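Both complexes below contain subunit A, partnered by subunit B and then by subunit C.
Take a look at the complex of A and B:
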């Protein structure tokens, strides 16, 4: 029973991290209708950014979160403004392909700059843990989970209550109508993509504190983010949290009771089932795919 | 134009068929790889280019084809041909069983569901004893590159003829109708489910055949390389680069891009992949409909066709 509880806690903590990984992907997908295959590469970039800040300047990863966010926002904004805006109206294949091309470029740039070695962000508290009865909770994972929760709720409030957030949601629902009400899509798309990349960057920071990084982690993270975004639905950041936690718990339980190689079978199997039964996500309103 | 095709294509085929006799062994090996990718791209063209379903599941067919040959030859001591039949049978069964539920999804959702299936299949196969689990299978060696080359070339021709048939058959028009407007196609009497599943299976057959040849040629396969999503991404890139939904586009795209990537990796080894990424990005921006469209519009518009292409899809 203790083991079960421990696995459950691990799964939930992992799920928080998963959620924030998927949040940026879901935002960009929902608003721009671009499935960003480079999303995982941006997470990887964020992780390396924090690693550099920590290793060369001694800035704690959690303190450095805003710096990573700002840098990644600027990168995302420029990329959307200069490149992706050129083909937002193109067929789906083309946006899939160009983001895949970006993923390749980012991965190999990272390999040239940071080398292919594994890195980890190891602040002094990296190995520390608190005991809660028979359950141990690693401090770094708990902090990452907390940060993910705060960011998600923050994004939710931002989308719900600010002028810019409303403009983003309006554009997601109907571009033409939003345009008629004075939304300038060129800029709004760039801001949204920038936000998505800032979230990806911060997810990378948190990922780097609990796991090892190398330039090639991107595509696996993209696949995972997909699964969570679909399970949670694209409408609502809180749905993504539920999707992330659900997936984290299921993966942990599968690893323990069936075998580690089946963790992916479980998560992607659920993804396919959710897609077929409820294409709008478990939480979101049902939508025909 | 017609005449150019009637002379040009047989001439190009003859030149390609002769490569094992006048080309270097390296060229032949490059040729086998490039031709197999051309088969994959042409196969993907059926479901992706004609029916308009962005399948990431063709890697599954590729893997099933590889494992069909692998299991038949290693575990059951059967011939290569029997293995290919087994691989194709597996692919068709998968296309029907999985295609029925998954082809109900559209757009990105279909893409992602098939992407997930590839991951699931890799994990499942790595737990099957018969398939050698994680270790994979080692096939009996067969050092006859000429045979593999001509086999691959024949498969390219077969795939291209199939796609040519699509452009002038009821089945092909049905698929194009589904791509343009699925509901409309259904209203006009196209049995959309049957057509889509058939296209998925047909596309899968070619992927499986290519996978089988590749497995026997390389003489080794394991779950990660057989169900590699990268192979599927390559198919899509080659097809879109050449021109999705055209007859020759995917083959030309596959040969040109394979050559570019090969040249890059021999000239600028360390940054080859990086350049390849830039090539993809530039290709999508400047020729969203592939080389086929550029070749068609060049005479009319010249360099302007690139500018027109950008204008067509910008915000």
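Take a look at the complex of A and C:
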């Protein structure tokens, strides 16, 4: 029973990390209709950025979160204005190609700059844990989970209650109507993409404090984020949290009861099920294509 | 006179041109072909092979190259980057043999690659000497053209389990976690037999998928099973995640030992003081007792490596250099670079190197080199147990994570 409770806690905490990884992908996909295959590479960049801040300047990864967010936002904004704006309304295949290319470029740039050596963001508390009766809770994961919750709710409130957030949602729903109301899509798309990358960067920071970093972690993270975005749905950030936690718990329980090699089978199996039964995601309206 | 001069000048030039190379007695170069991981997830270890091949070839060339047939032949390396992609590496080895027409082959890194690539060597009957794959599967197919300098995967934990019999309090229970790739499956299979023979009880035996990054559930199960010893056979990335997440879940067995990672400088750099007390193994340590025809001995080899590349060699490096030396000596023994003759000479080769004594079983694998048990103590790799006797005192039981 203790083991079950521990595994459940592990799953929920893992889910928080998953959710923040997928949040940016879902936002960009929902608003710009770009499935960003370079998303995982941006997570990797964020992780290296935090690693550099911590290693060379001694800035704690959690304190450095805003710095990472701002740098990644600027990078995302520039990339969208300079490159991706060319294909916002382009066929899906083109966006896949160009973001895939971007992923390859970023990965190899990272190898040139940081080498293929393995890194870890390792402040003293990264391995600390608190005991709650028989259950051990890793501090870094708890903090990552907390950060994921705060960011998700923050994003949700931003989209719901600010002028900019409403404009973003309006553009996603109906571009023509939004333009008639004076929304400038070029700028808006760049802001959205920047936000998505800022979220990816912060996810990278959190990932780096619990796992190891190398230039090649990106593609696996993109795949996982993709599954979570589909399961959670693209309309609502809260759906992404639900999707992430669900996936984390299912993977952990699969590891316990069936075997670790089946964890991926379970998570991508859920993805297929959701696509069949609720193509719009577990939370959110059903999309009609 | 002028006519004569005009006629003879080109002739003289032609004669001169023909005479220059002949005067230098320039024998034909011997091209060794290889495809290794210079980019992609395995690049971190792949670089050892690139550097090892190049260093060995430079050193051998500097002392006159390969001598047979009354001439000195220079070695040349033809190297491709397989981008950590097995399919690409198979295509590149095919290209090396069929289009580049290299004389002989050196291997890639990692068992899965060697298993696939050695099929090309076998098909075209060009011998491959490799120092990157240890899986027993490589040698189970009775191939004639594959030779390897890493000790058998099934015996990686052999000396560790010998050590377990000697430490106090004597461990009773063991958990074995391993990845699902060719090398780690071989390690796990061999380790189960070794544990049974040693009378140690296997309380947990789990296989995980090779790209796993989250070990928290597996580790919670380990904690619940509470074994004395945890053995992990996986990739270096797995090992790093395993150690970090062990700490964060406070999973503290009396000993944990990993097949890879521990001897490399990278491991200590990435983990900092969390690398402390980790047990691992290495088939090679820079020892002055290992005499070498070209480098002098193992210590001098390590020095030459460090000077040239700026980082410490590990057993991958030693093994890669021994591969080039094996090919060189086999050519000299055969008196030829012809693949078939070199292959037959390789089967009989026996020499001392910086890596230890190199000679091959009939199946192509090196005669057993015992794994030396190592432990990280005070940020240093300390050799603990040679397979026969203690070299240094192990820190056992390892202090619990929350008591460090």
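Following the convention adopted for this analysis, the second predicted complex is superposed on the first by the 288 of 289 C-alpha atoms of A that agree within 3 Å, B and C clash if a C-alpha of one lies under 4 Å from a C-alpha of the other, contacts with A are read in each partner's own complex, and residues count from 1 in each chain.
FYI, a residue touches a chain if its C-beta (ideal position, glycine included) is under 8 Å from a C-beta of that chain, and two chains touch if they have at least 3 such contacts.
Predicted model, so just to flag it, every value in this text is computed and none were measured.
Colleague: Counting only touches as set out at the top, which of subunit B and subunit C does A:52 meet: first, second, both, neither?
Modeller: neither
Colleague: Looking at the overlay, does A:275 come into contact with subunit B only (first), subunit C only (second), both, or neither?
Modeller: First partner only.
Colleague: If you stack the two complexes on chain A, which partner ends up touching A:226: first (subunit B), second (subunit C), both, or neither?
Modeller: The answer is first: A:226 touches subunit B but not subunit C.
Colleague: Just to be sure I read the superposition right, which of the two partners does A:101 touch: subunit B = first, subunit C = second, or both, or neither?
Modeller: first
Colleague: With both complexes overlaid on chain A, does A:128 touch subunit B (first), subunit C (second), both or neither?
Modeller: Once the two structures are laid over each other on A, A:128 reaches subunit C alone.
Colleague: With the touch criterion stated at the top, can you tell me which subunit A residues are shared between the subunit B interface and the subunit C interface?
Modeller: Subunit A residues touching both partners: 108, 259, 261, 264.
Colleague: Please give the residue numbers of subunit C that touch subunit A in the complex, ascending.
Modeller: For this pair, the touching residues of subunit C are 39-41, 43-44, 47, 84, 180, 206-209, 211-214, 216-218, 220-221, 223-224, 236-237, 240-241, 244-245, 247-250, 266, 269-272, 274, 401-402.
Colleague: With touch defined as at the start, can you tell me which subunit A residues reach subunit B in the complex?
Modeller: These residues of subunit A touch subunit B: 29, 35, 83, 85-94, 96-98, 100-105, 107-109, 112, 185-186, 189, 219, 223, 226-227, 230, 259, 261-262, 264-265, 268-269, 271-272, 275-276, 279, 289.
Colleague: Give every residue of subunit A touching subunit C within the complex, in rising order.
Modeller: 2-3, 6-7, 10-11, 13-14, 108, 111, 116-120, 122, 126-129, 131, 136, 138-141, 210-212, 214, 216-217, 220, 251-252, 255-256, 259-261, 263-264
Colleague: How about subunit B: which of its residues touch subunit A in the complex?
Modeller: For subunit B paired with subunit A, touching residues are 48, 54, 101-102, 104-113, 115-117, 119-120, 122-124, 126-127, 134, 229, 233, 236-237, 240, 244, 270-271, 273-274, 276-281, 283-285, 288, 310, 312-315.
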